[in-house]
Amino acid sequence: MKTRPLQFQVVTRVVAFIILAFSVFLFFAGHNNPGGGFIGGLMTAAALVLLYLTFDVKTIKKVIPFDYAKMIAAGLTLAIVTGMGGMVLGQPFLSQYDRYITFPFFGEFHATTALPFDLGIYLVVVGFTLLVILTIAEDGS
Amino acid sequence: MLDIVIAIVLGLLSLSILICTGRALIGPTMSDRIVALDTIGINLIGFIAILMIVQETAAYSDVVLLIAILAFIGSVAIAKFLEGGVVLDRGDS
Amino acid sequence: MSLIEVIVSIFLILGAFLSVLGSIGIIRFPDVYGRLHAATKSATLGVIFVVAGVFLYFLVVEGIVVGKLLLTILFVFLTAPVAAFMIGRSAYNVGVKMWDRSKQDDLARDLEKMNKEKPKKSDF
Amino acid sequence: MEILMIITVGVLVTVATYLLLSKSMLRVIIGVMILSHGAHLMLLSLAGLKEGSPPLLGEEAASYADPLPQALILTAIVIGFGITAFMLVLAYRTYKAHKTDNLDELRGTKDD
Amino acid sequence: MSMLHFIPLAPFIVAIFIPILYKAFRHIHTGWFVLPLPILLFIYLIQYLPFGGEPLTPIMETIAWVPSLGINFTVYLDGLSLLFALLITGIGALVVLYSIYYIANKREEPLNNFYVYLLMFMGAMLGVVLSDNLIVLYVFWELTSLASALLIAYWFHKEKSRYGAQKSMLITVSGGFAMLAGFTLLYNMTGTFSVREIIASVSEISTDMLFIPAMILILLGAFTKSAQFPFHIWLPDAMEAPTPVSAYLHSATMVKAGIYLVARFTPVFGGQAEWFWIVTSFGLLTLLWGSVSAVRQKDLKGILAFSTVSQLGLIMSLLGIGSAAYQYEVIGGESIATVAILAAMLHLFNHATFKGSLFMVVGIIDHETGTRDIRKLGGLMTIMPITFTISLIGVASMAGLPPFNGFLSKEMFFTGMLSGASLDVFNVQTLGFIFPIVAWVASVFTFLYCMIMLFKTFTGKHQPEKLEKEAHEAPFGLLISPIILASLVVLFGLFPNLLAYTIVDPAMQAILPGLLQEGEQFYVNIYHWHGFNAELFMTMGVVFFGAFLYVNLKKVQETAFYLGERDPLNWFYDNGLDGLITGSTAVNNVQMTGKLRDYFTFMFAFLILSVGYMLIRTGSFAFDIQNAAMISPYIYLVVAAIIISTIALPFMNNRITAIVLVGVVGFLIALLFVILRAPDLALTQLLVETVMVVLLLLVFYHLPELKKEKFTPAFNVSNAVISIGVGLVVTITGLAVHAFSNENPMSRISDYFVENAYALAGGNNIVNVILVDFRGLDTLLEVVVLGIVALAVVVLIKYKAKEGEDV
Amino acid sequence: MTNLVILPILIPLLIGVLLIFFKNHKSIQRVSSVLAVTAMIIASGYLLYIVYNNGIQVIELGAWPAPFGIVLVADLLAASLVFLASILALVCLFFAYQTFSAERERNYFHPFFLFLMLGVNGSFLTGDLFNLFVFFEVMLISSFILISMGAKKYQLRESFKYVVINTVSSMFFIIAVAYIYGAVGTLNMADIASRVGELEQAGVLTVIGVVFLFVFGTKSAIFPLYYWLPHSYFAPPAAIAALFGGLLTKVGVYTLLRTYTLMFNQDTAIFQILLIIGGLTMFIGVLGAVSQFDFKRILAVHIVSQVGYMIMGIGIFTPLAIAGVFFFLVHNIVVKSALFLYAGIAEKITGTSHLKEMSGLLKTHPYVGWLFFIAAISLAGIPPLSGFFGKFALIVAGFEAGHYFVIAVSLITGVLTLFSMMKIFMTSFWGEVKIPNPNFKDVKVTKLILPTLPLIFLTIALGVAAEPFIQFSLLIGEQLMNPSEYIDSVLKE
Amino acid sequence: MAFQILLNIALALIWMMLRGTYTFPDFVVGYIIGLLLLIVLRRFLEFEFYFKRVVAMAKLILLFLYKLVLSNIDVIKIVLSPKMDIEPGIIAVPTKLKSDWEVTLLANLISLTPGTLTMNFSEDGRTLYIHSIHVPDKDAAIKEIRDTFEKAILEVTN
């Protein structure tokens, strides 16, 4: 007879959402509260790892068909290009710009180049964690 | 007054963690250790929550939630590992 | 000492007390399954009390709604039984023995029955 | 407080060193991990552990803990994380190729 | 750049074209392209000789090479350098001519290589004798060693050639290094590398503590190059070179570079007792050892090699004795010591002529019979009459018989030794009587090996069955050069004073400057008949005892000294090299064990010792509890938990337990971060630790269970000692830094971040602002590291190179 | 050009990242890599030109003023090393194209290679101590994978040791940074220097200086911290080994040079330790080379010995000695890489790197033989090649400072170096023709030789036309021995 | 579909809790984020939901809390008793509940309440294997579960 971790599978579906939401929150909270691209990215990765733990790798690959190597490259590119932004204006590499933009309805939004930079980091971290874990897992024995 | 209560509670939680650490070290089976570990994680949540009062900051609320999440993932991962060494099923066999 | 401090204190002490008891259970129960009971119930409830106490403290004393604490409680409620489930299941699958005074094992019975009905594929 | 922490670092470093001197690849890797804890803690401690709030300006406290070492440690943790991950995989591959995790047996022979 | 600069450079320039000419004109022997050069240079140099009786005025030309380090390419032409330059170009021309007939233009002969090496040598050697700057001299000096090694190994498929090349290279280059050190010490004292300038400042430096060390180091260079005892052992093995090379480098020119150096430095060190004794005694010892050893040889070239060693010793000893001239007044160009210098220069020249011709003759014999072994040879007199005649002249000159030039210098050598024995400086009276005795004994053996050479080859029974070829007289081309040299032997034997004021006196003036008044010359009168003096009786004794020993040759060669086939001193070289390899392998094996644990042991021992030493030396132990923050009791609990779980780690024998415990430590550290007010750190630590545990589990499922480690008690103790040592060093330094910072409080750059995080970077989380803003580069690079690791993991797991792929 | 200083870092970073997207496009990867490295050469060459004419160039990243933000500082030393590193990178890249399988190039070789250069250039340029740690790590992790990729048994085994030892040393780097930050409260190297200057001879600072010696000493492979090097540098293919052998330990030496001229230049005790270590390193290292009978192994162990000379030079600590160290460093980068490439060519021809299994190569491949010979004798310090002048400057400086013993050791080491190089030449290039690879005639040697020619040209040029290079080295010696110029440029005082 | 909207709203609320600010814009942002997450992971959402049984749910919660308190007292008794006078065992409990969600809810509740712990499921997921700390009478135990939690859940879902 085969048994089945039914309880685990069902709860994970709910919990994964909480964790993912939390990770997005952590990412955005970064500049003013604990968190940021790295922490947010790892949290996202943790949620994904939980999904992989619960279901098998193949299933998740269907659901989340990311190429993590490219995700890393994209993240790095984003971070570098953000840093290069200032160079066009004759500023040193990694010079930051920030501006308060008022959106209708949402209110004031603090737009800063730190955000895309952090997003780049976020992508790299997610890509890193999953690429490493999945590569090892797929190698098997 | 609250200070004293907090000191006592921290002491109790520390004691609790200590006991669990004992179980984690004794075993005898791996499962016992995971149980102990899981419980340490749960106690840690309380511990840090109280530190929020001590340091008068809400900044650790993230830590609290995070530990809850990670304790869960950690326990599950180790448990799965114990079963067959395959933490992630490939799903192609 | 204000009323809220008293209430918070009660929450905290109750929680800590339960936690300790849970830990004692983890030490005292004779097998891993018994210990799981202690962990899932007492420890979980204990921490929920503590976190709730802290939540109350911040809510009333500092005037902050620390939603993440509530979320933590929800999360622990959701996951503690699952963790216990996974641990227990794996322990059983790995063959961790139950206490020798255990009476009943339906799971073993069912597993055996099924295996007899469906011979392994490798036998073909 | 600093002194307590520095002594703790001493213990961590001692144990890490002991582990680094062992034969098993896993123990060595664990040694590296423990050593990194020690290093991070040293950085935090020597920056001075003055009483203050976490370095979050929103808290509007009178003084803050030194944020710089925290940022440095964060970077160091991430890098250490990466390197340790690599080391793990390397150990794994080495084991698969050599069928041993005993470093004494990974000495190499004269002819290769 | 003057014409003089061009002289040493010209061969190098020609050498560049040799490979091209070789390829382009395969049917023409490459030697023909080379030959014009030494002839032209020789002719050019001849014009500097003071034929008119006017003393030669030294010429100096400078071009800057590396002036920042005091290195200028200064060419200096005086009597000494002119003598050498003429030898180099003159003999060089003859050798090239000889080689054209000696080495056939065959497909498998890399003639291009041969002539490139030879030209390289010629240029280098000219450079050595024409350089005033010591470093330039050194540069050329090493190039001669290099060229020599390459020429010795010209037939590099032969094991012996390679051995000889290596040996000569190692010994001469080592000496060169010592010499370089000596030059540098002189530079230290004088601030110049110019020999002229150093000579000018001798009086200031002769009392310097470094003066004698510099002398010894320079002598090491000279002695190794000139094959002085006990460094001579490379020279016999250098005979593996093609014979033209032996004639040129290993008898006429390169081995005389050491002589040149000693002569060149006589004005610097000449007044010193140490110089006198070292040069004289090593010279005499070499003279004796060489002549006695030559008798052992069965190979004609071997005999010539030891003969060369011996004759080099002779010249060296004369220079040693002559250096005493600085202690005497020179009256009328003559003093008791100058005759030794005179003898040295004369013999230098004579030796080049007769030894050169003999080498060429031996080459001819080898060429025509296929062997040089005197046991196989014999009776060639009638078959090879011209060769025999040349040999006879050469051997007789070498043996010191009249009327050949060797006789003249041999007589003068005895004069020099006798006068040396009668000097009244440097405590010569104590041991000086030995000089003529050694000289005489060596001459007896010289006479002996000369007889062996001549008679064993040309007289006795001809044994064609032992020869590889049917012997007959050599082709004319091969004979030209030895005939020219033999003619010179005769010519200068009969008319020695042709050399007196053209060659010898200018050379002496260069060796002993400052001894003469303005316009004076040294008294150089060379003649055969001195009357019945001690020298003559000594010569007669040589002939008599030499003949006697030859008659009893069998008995002589049965003495213990002659039983071994090789020079006993080779033992030191061969075993030295073996010992070097064994020893270095042993040193290597002690350290490079391949065990990570050993490596760490050495590394940590170094850490403990160096940091510990510095802690003690600077007295930095300090312990400051004043400013320590208050500690709440629960912190002790957390710390205790960290310490306990950490200490438990090494005792874990179950991999999962160990991994879990690592996780526990990580979580506790995170807790400590919370306590120490670092929420970001806590979050990061927790996340990283969890992912790490997952990774560990993934990976270590495949790895075997941990075993209890069994070390010997000694190992256990050393492990424990080293661990505790490292811990202590780190802790004590930490405490010292802490105390130091409390004593010397400095503003921290982080204050700036606290003040400006929000104002300038618009963030409240200072840590995050530092990460993405103030120190954005760190963060960018840290994720680069992660990216690399991720790709690396993929590559490591998925990419397996095939054997032999990707060299 | 505010951003000129960062270009040698930014170019490989950006191109390296973008090449991840083009994993399977060999020609795109090749062309981009070459373009990137060429751009690095141009940028760093121009930077060197600017620094030479206008003085030290500083960029404050993110426009945050020093010492608060991270600065990159290009002085003569840094700029010239970056320039040289870029040239070497191009050489190795071209060599790699001749020898690497397509499979290797498809497995992110190009990004790894560029990231390694990023780490190297960054280590040279950064003016911030912690940032140096980070650059080190980028360099190390790239080197880890470049050394282990291919996953042969030998590679894996030795890489593990390499990785562990270097990682442990990195951990001590953090500890050392902790000490420094605790003591002086800053991370900017110029700021540290000026603060250390204010403190005058504090013993604790010397102790910290010694901890840094442990850290950078491991990276630069000094005795007794070099154990990771000999076996692991044997593992990778020649193009990589050349880059590593030429460059990586020199980054460690560079940091020692920087550290002890800029920050810990007050207590002579450190320099005495350096002299002792220098002597031991060169001697023990060369003994290693003497004992080996493998082409690549001899070269690998020998790196250690050469590092010893440089350490000795730092220990002598006079402008001339520092100039000598620089000259020697440059020479060694050039020659060591060349030698490794020739080892690769020999292995490509013969299929082995063991000396006793091949011989007579001079007969079959005279050009390879002679080019190797030039590099080998240059390494042994035979004039008038580049190896001589570095050594010579050190000898003169050492005698001037009265360090006779260590100079004597260095001369003996020179002899043994010659011995070990001759051993290679004697046993493999001389001798009867014996080549295990039956198809050795199919190996196209010309293409392999071409990339090495610039290196041979350099070693000859640096020797024969030494004067401008010596002058330049002396300039660097002066600049390093007078750190106030560096400090003022960074702190704008 | 209804459940998805509900889940989306729940996510928005969670977002607000995370932010610690409870304004409408926050809700909208949270709703959008939740929507994105749902789109990414929509393949998981193969379930249906019936929103009408709120009252039943309240009943269930109350029941649960009651049992929770009881269970803790129970455990405490056992833990603190000098002799562990118990007879543990694993019992198979078939359930009538249909969806995986219901079964999971049941399993969670069982685990959090006295003396019982869900340990495994049969392949079809309709038999729960429960470790009970004290099973003097197996059938009584099964009946107990059926009468309390299963019934209450059925009331909620049907």
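Some observations on this one:
As written, the chain order gives the labels A, B, C, D, E, F and G, with residue 1 at the start of each chain.
As a convention for this text, a contact is a pair of C-beta atoms (placed from the backbone, for glycine too) under 8 Å apart; a residue touches a chain by one contact, two chains touch by 3 or more.
Protein identities per chain, from UniProt: A = Na(+)/H(+) antiporter subunit B; B = Na(+)/H(+) antiporter subunit F1; C = Na+/H+ antiporter subunit G; D = Na(+)/H(+) antiporter subunit C; E = Na+/H+ antiporter subunit A; F = Na+/H+ antiporter subunit D; G = Na+/H+ antiporter subunit E.
Bear in mind that the values here come from a model prediction, so they are computed numbers and not experimental data.
Chain centres here are C-alpha means, and the one lying farthest from subunit A is E. Ranked by how close its C-alpha mean sits to the mean of all protein C-alpha atoms, the top chain is F. Comparing chain pairs B-E and D-E by the number of C-beta pairs in contact, the larger count belongs to D-E. With each centre defined as the average position of its C-alpha atoms, the distance from subunit A to subunit E rounds to 64 Å. Distance between subunit C and subunit F, defined via averaged C-alpha coordinates, is recorded as 57 Å.
Subunit A and subunit D, compared by their mean Cα positions, are separated by 25 Å. In terms of their C-alpha centroids, the spacing between subunit D and subunit G amounts to 41 Å. Within subunit E, residues 594, 596, 600, 677, 679-680, 682-684, 687-688, 690-691, 694-695, 698-699, 701-702, 730, 734, 737-738, 741, 748-750, 753, 763-765, 771, 773, 775-779, 782-789, 791-794, 796-798 each touch two or more of the remaining chains. Multi-chain contact residues of subunit A, defined as those touching 2 or more other chains: 1, 3, 5, 7-8, 11, 15, 18, 22, 26, 32-35, 38, 43, 46, 49, 69, 72-73, 76, 80, 93-94, 96, 128, 132-133, 136-137. The residues of subunit G that reach two or more other chains are 14, 18-20, 107-108, 118, 120, 122, 129, listed in rising order. Across the complex, subunit F is touched by residues 69-70, 72-73, 76-77, 80, 84, 86-87, 90-96 of subunit A. Touching subunit G in their complex are the following residues of subunit C: 18, 21, 24-25, 28-31, 33-34, 36-38, 40-42, 44-45, 64-68, 70-71, 77-78, 80-82, 84-85, 88-89, 92, 98-99, 101-110. Looking at the complex, you find that subunit F touches subunit D at residues 130, 133-134, 137, 140-141, 144-145, 148, 151-154, 156-161, 163-164, 167-168, 170-172, 174-175, 177-179, 181-182, 187, 231. Remark: subunit C residues 1, 5, 8-9, 12-13, 15-17, 19-20, 22-24, 26-27, 32, 35-36, 39, 43-44, 46-47, 50-51, 54, 57-58, 62, 64, 66, 68-69, 71-72, 75-76, 79-80, 82-84, 86-91, 93-94, 96 touch subunit B in the complex. Across the complex, subunit A meets subunit G through its residues 1-7, 9-11, 13, 16-18, 20-22, 24-25, 62-64, 105-107.
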